[in-house]
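In what follows, subunit A forms one complex with subunit B and a second complex with subunit C.
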Partner chain A sequence: MNLTLHIWRQENTTAEGRFSTYRVEEISPDMSFLEMLDVLNERLINKGEVPVEFEHDCREGICGTCSLMVNGVPHGPEKGTTTCQLHMRKFKDGDEITIEPWRAKAFPVLKDLVVDRSAFDRIIQKGGYISANTGNAPDGNAIPIPKPDADWAFEAAACIGCGACVAACKNASASLFVAAKVTHLGLLPQGQPERYLRVTAMVEQMDQEGFGSCTNTYDCEGACPKQISVRNIARMNRDYLKAKIMGN
Partner chain B sequence: MKLDSKIPSGPIESKWSNHKFDLKLVNPANKRKYTVIVVGTGLAGAAAAASLAELGYKVLCFTYHDSPRRAHSIAAQGGINAAKNYQNDGDSVHRLFYDTIKGGDFRAREANVHRLAEVSLNIIDQCVAQGVPFAREYSGYLSNRSFGGAQVSRTFYARGQTGQQLLIGAYSALSKMVGSGAVKLFTRKEMMDLVLVNGHARGIVTRDLATGKIESFAADAVCLATGGYSNVFYLSTNAMACNVTAAFRAYKKGAGFANPCYTQIHPTCIPVSGDHQSKLTLMSESLRNDGRIWVPKKQGDNRPPSQIPEDERDYYLERKYPSFGNLSPRDIASRSAKEACDDGRGVGPGGRGVYLDFADAISRLGEKAISARYGNLFDMYQQITGENPYKVPMRIYPAPHYTMGGLWVDYNLMSTIPGLHVLGEANFSDHGANRLGASALMQGLADGYFVIPYTIGGYLAEAKQSAVNTDMTEFKLAVKQTEEQIAKLISIKGKRSPTSFHRELGLLMWDKCGMARNEQGLKQAIDKIPAIREEFWQNVNVLGDAANVNQSLELAGRVADFLEFGEMMCHDALHRNESCGGHFREEYQTEDGEAKRNDDEFAYAGVWEYTGLGKKPNLHKESLAFENVKLATRSYK
Partner chain C sequence: MIGIFRSTILTKIAMALSGLIWIGFSIAHLSGHFLLFAGQEAYNAYGQGLKDLGPLLWLGRIIFIISFLLHSFSGILLLSRNKEARPVQYKAKKPIVSTPQSRMMALTGILLFTFMVYHLAHFTWGVVHAEYSHLTYTLSDGRAVHDVYTMVVAGYQNVFVCLAYVLFMLGFGMHLSHAIASVVQTLGFNHPMYNSLVKKVANGLSTIIILGYISIPASVMLGVLKLTGGH
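Coming up: the complex of A and B.
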């Protein structure tokens, strides 16, 4: 199939960006979206033009490196899918596709479609862990965990840290990302000792990083490639409120 | 080059505990005076950086990713082994040790493997304490499943995302130490070279992938946890950025590289769909618990699978290996798939595929149960191929996946360069010639959490180094050489993209040094690689500048190293005149096509020493003694 791509090009963080238009021809429907961009880049290099920078790594939908707003939707039109797992059979011959980086104040553009998501790491560094120094652990079966709790914790823990939730949100809120971690650790017995300290520290760091507030539009859940539920946000807010009342 | 494995004396069960007692200690108050560099933040690197910082060392931790959580450990699907015997099915430390030695086709070091089996118990405990959400039964206790090459259920898992959950555990431990200031984390910094002072590893040179800045960092010891080299084949299940550069630069500085020809070809990957293919996708080996592998009995049978009656199907693994069946080890399952396809009985486009069929399991257990076990894998398969595996059998084919070879290390995980420690997939020590499923996660975490925290203390306490800093000539020279290489790559402005060279090398390696190898093919590859390399240095086209994000430049540097590394790999495969594990030499097979080892001549680790560009490296040998597991022909029949 033949496609027209409108791609955001930006030299570096401080430079002004613009859309450039490219034609790609003879694209196989079996290609992934990123392989289609590989083809574009190979052709650009062969023509002596600087290739388009986009981030990607595992190409299996698990590392969270790939991003891209595809026609205004984070990770493109397929639900519950990262861009690397989106395939060209979802598009039609002659389609025009607009490709942009994540747009959020807390995710500055480094070049073209590459953004800096280190704000997420700094939030985790404030409390997204259980303090269990190596060597301290009791036997793995010493604390049975009810299966429903373990399953919910797992669903929250499935977050890949890609940032689609932020990109989808009109407020650029990181609530779903933070809530997923707060829920994952806060549901488990091992996570109880630091539960309220954790939620306070993480929410405060999120605010400091310049993410917006949550206004319950649920776009984050809709964009999440792992389909993490917004009920985690409600749970986070409850824990945060409790922490504040208790004075943590 | 001297290879002293430093295996402790005494019976195998007490070697590690005795050794821990014998190692010199660094006093808690003195630990903060030592700086350790950790390169890589996968399971081994993140676990090591966190654990060393908890002990009190100053840690500088580097990753080329934007975040430590992206490392490719994250993509491991199936699980992690531990000899917990929670299932009461006869597992023990000795059985895990035995299975791993046998699975590795008697080419691993017994003492290391036994230690691995011992600490496997602690790993599960540690991960649970960190909040890793392993699968559980309704009782609330941990669940297990079976994996290839074992007859007990010892694999712990978190659906098909075990690697992700373990990595997030290690990443959170690391993040805590970054938050407290004990670890200084450097993201988007790729290691370009190793710096030696007086023959000891004392620092690294890095390139910042956002700004292009070349810098150096000094320390008292360096740990490489930089993964494997499967991407030498271009198409593999590794992430796009996985590369051999850090390990290869250490090799060029004098670290011995062991057994590079031991590469694992994973039997269950989605077949190649066309020339555009950028990587291959693994389907977890756990699928073989419920999926049955078959091909048509007739050559060139093009009927859809549903129209091929039961008695015209060849369930070849069940037929050839009745006691292990579909759970035969990876090397055996891969080679059998290749044989079936070479015989003209492969399925799908190009005939390079076999069926992995869930129809029996679905009729026995119901679609819901299968979905609970493998739902995410089935979804992924459908996204990639556009076929529904609940209705039609999956098509799979082997693909490069893991590399057992790596930098040679002694029992303390130290390479032949004093102070340079190597962890996880980047070293060679535990899997011999073939790794069993669910053992890579185990080894990465064992090295990072439970081995290096002890052994590095022993090194630091004994080495008593003088202080170094990055103003010294050794550092400045290494920085200058890196800058020159980058400038050279940018200046060539030839006609071919870095990817085109990578693809050319990869196809050659896959063809001549892949699932099956022979003398003639390896010699051809050794002739051809230098020519590709020469063309690369004259005709590669790296556009853009070096002072911004430039992925072509990053790739060009990595391909340049693969172009040297591939040659060494072929030398290793050529010299090893036997078949063992993942190294199958066509000249050395039994009458029924099984690998034929030659223990009299090749029961050693082959360790290569760099002698200069384009020159044949020197071979050194560490002989392997099997005192606790009897050398035997590996049989899964």
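Coming up: the complex of A and C.
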């Protein structure tokens, strides 16, 4: 496959960025999207040019590190998939592909396609954990949890914190991410003591980071590589409102 | 109270609740004006009946004005915050599952505001198309009341007024169909068992409301509602 790539290049956070166009040739349809970028970078290095910076780690779709806006869709055209698990067979020979970083005030560009997602870490630090000392791991059946709650908590826990929800949202809102974290812990017995403190602290940190608000367009759910439901956002709103009315 | 507007979720909830009051208004307003089909006498009596409510009418008006201010203030606040949240736009950006109406709420909202001003100027303040605004009608009980029937029917005999009305109502329909489904989500109700029902109710109810409103100028155009010459 031969492709034309329009890639966002930006020296650092303060520098002005621009799109550069590259041709890549003889790309195998079996390659992953990131392997295609590896090929481009090899060629750039061989020519003495600066390679394109992009983030990646596990390349198995489970770590949430890769983060590319491919042709206007976070993680590219394949539903429920991270960029690293997107394969070139999804494209056609001669295609033009636009690759951009996540765009949000709360996710400043560090270089090229790499953005700083520590805003998510700061939200987690506000309450995305259980601080009770639970001792040794209890017996699996010792704490009864209704099956629907266990399933829902597990679905929410699948969030890998990649930020595709923010990237897809027209308001750059982090609601789906925060809601997934709040729901994951808020549904389980171990998460109950801090349930309302958690939702208040995490939501307030989300607002402080400068993310936009949720306007219920649901593009976050459509973009989420783990297909996390906006049902979590409704639950977060409910918990947050309850916390506010009852004073945490 | 001011603290509410520091939180995006509480601001959105304020917007949802004030919007809910306006959804109620749009249903009540339509029901009232459907009396046009019951004839000049019934409609004019209804108009006078509203006026006779006196302080109660003003209580209603104040509730609607406060909801309107709250709704637009929250909307503008969230909009400006949301614009700030993405200072650099994408070159390529595709909607994934979002509907055009969900993305165009601010635009259809502004359209609705323009319509409201025009609608009030036409029928409440009587400053545009004013030639039929100040006629009097004598009810069967002998009371002389404002002939609102003639004002409305004559107003919609102008084809441009009708076309503008229909266009505004389509914008209103877009706003409403997202609003009804959205208010449910914002207030924290979302369950896989009821989501498709909520969507159906949102689309169905907004279609019924819009068709109801459009039926009034359409009936004037088709000659179902006619000027009677009064008493």
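As a working rule, the second predicted complex is superposed on the first by the 239 of 248 C-alpha atoms of A that agree within 3 Å, B and C clash if a C-alpha of one lies under 4 Å from a C-alpha of the other, contacts with A are read in each partner's own complex, and residues count from 1 in each chain.
The criterion applied here is as follows: contacts are C-beta pairs under 8 Å (C-beta built on N, C-alpha and C of every residue); 3 or more make two chains touch, one makes a residue touch a chain.
These figures come from a predicted structure and were not determined experimentally.
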item	value
First (subunit B), second (subunit C), both or neither touched by A:Phe91	neither
First (subunit B), second (subunit C), both or neither touched by A:Phe177	neither
Contacts of A:Phe33 with subunit B and subunit C, given as first, second, both or neither	neither
Complex interface listing, subunit A residues touching subunit B	11-12, 28, 30-32, 34-35, 38-39, 41-42, 44-46, 48-51, 53, 55-65, 78, 80-81, 85-87, 89, 110-112, 114, 116-118, 120-121, 124-141, 143-147, 150, 153-154, 157-158, 160-161, 184-185, 188, 190-191
Subunit A residues touching subunit C - in the complex, by the definition given at the top	6, 8, 17, 19, 69, 71-73, 98, 100, 103-106, 168, 170-173, 203-204, 206-207, 210-219, 221-223, 229-231, 233-238, 240-241, 244
Subunit C - residues contacting subunit A, complex	6-13, 78, 81-82, 84-99, 102-103, 105, 178, 181-182, 185-192
Residue ranges of subunit B touching subunit A (in the complex, touch as defined)	47, 50-51, 54, 65-72, 74-75, 84, 86, 122, 124-131, 133-142, 158-159, 161, 163-165, 168, 171-173, 175-176, 178-179, 185, 187, 210, 239-241, 273-274, 276-279, 281-282, 379-380, 383-384, 386, 449-450, 453, 495, 497, 499-500, 541, 543-544, 548-552
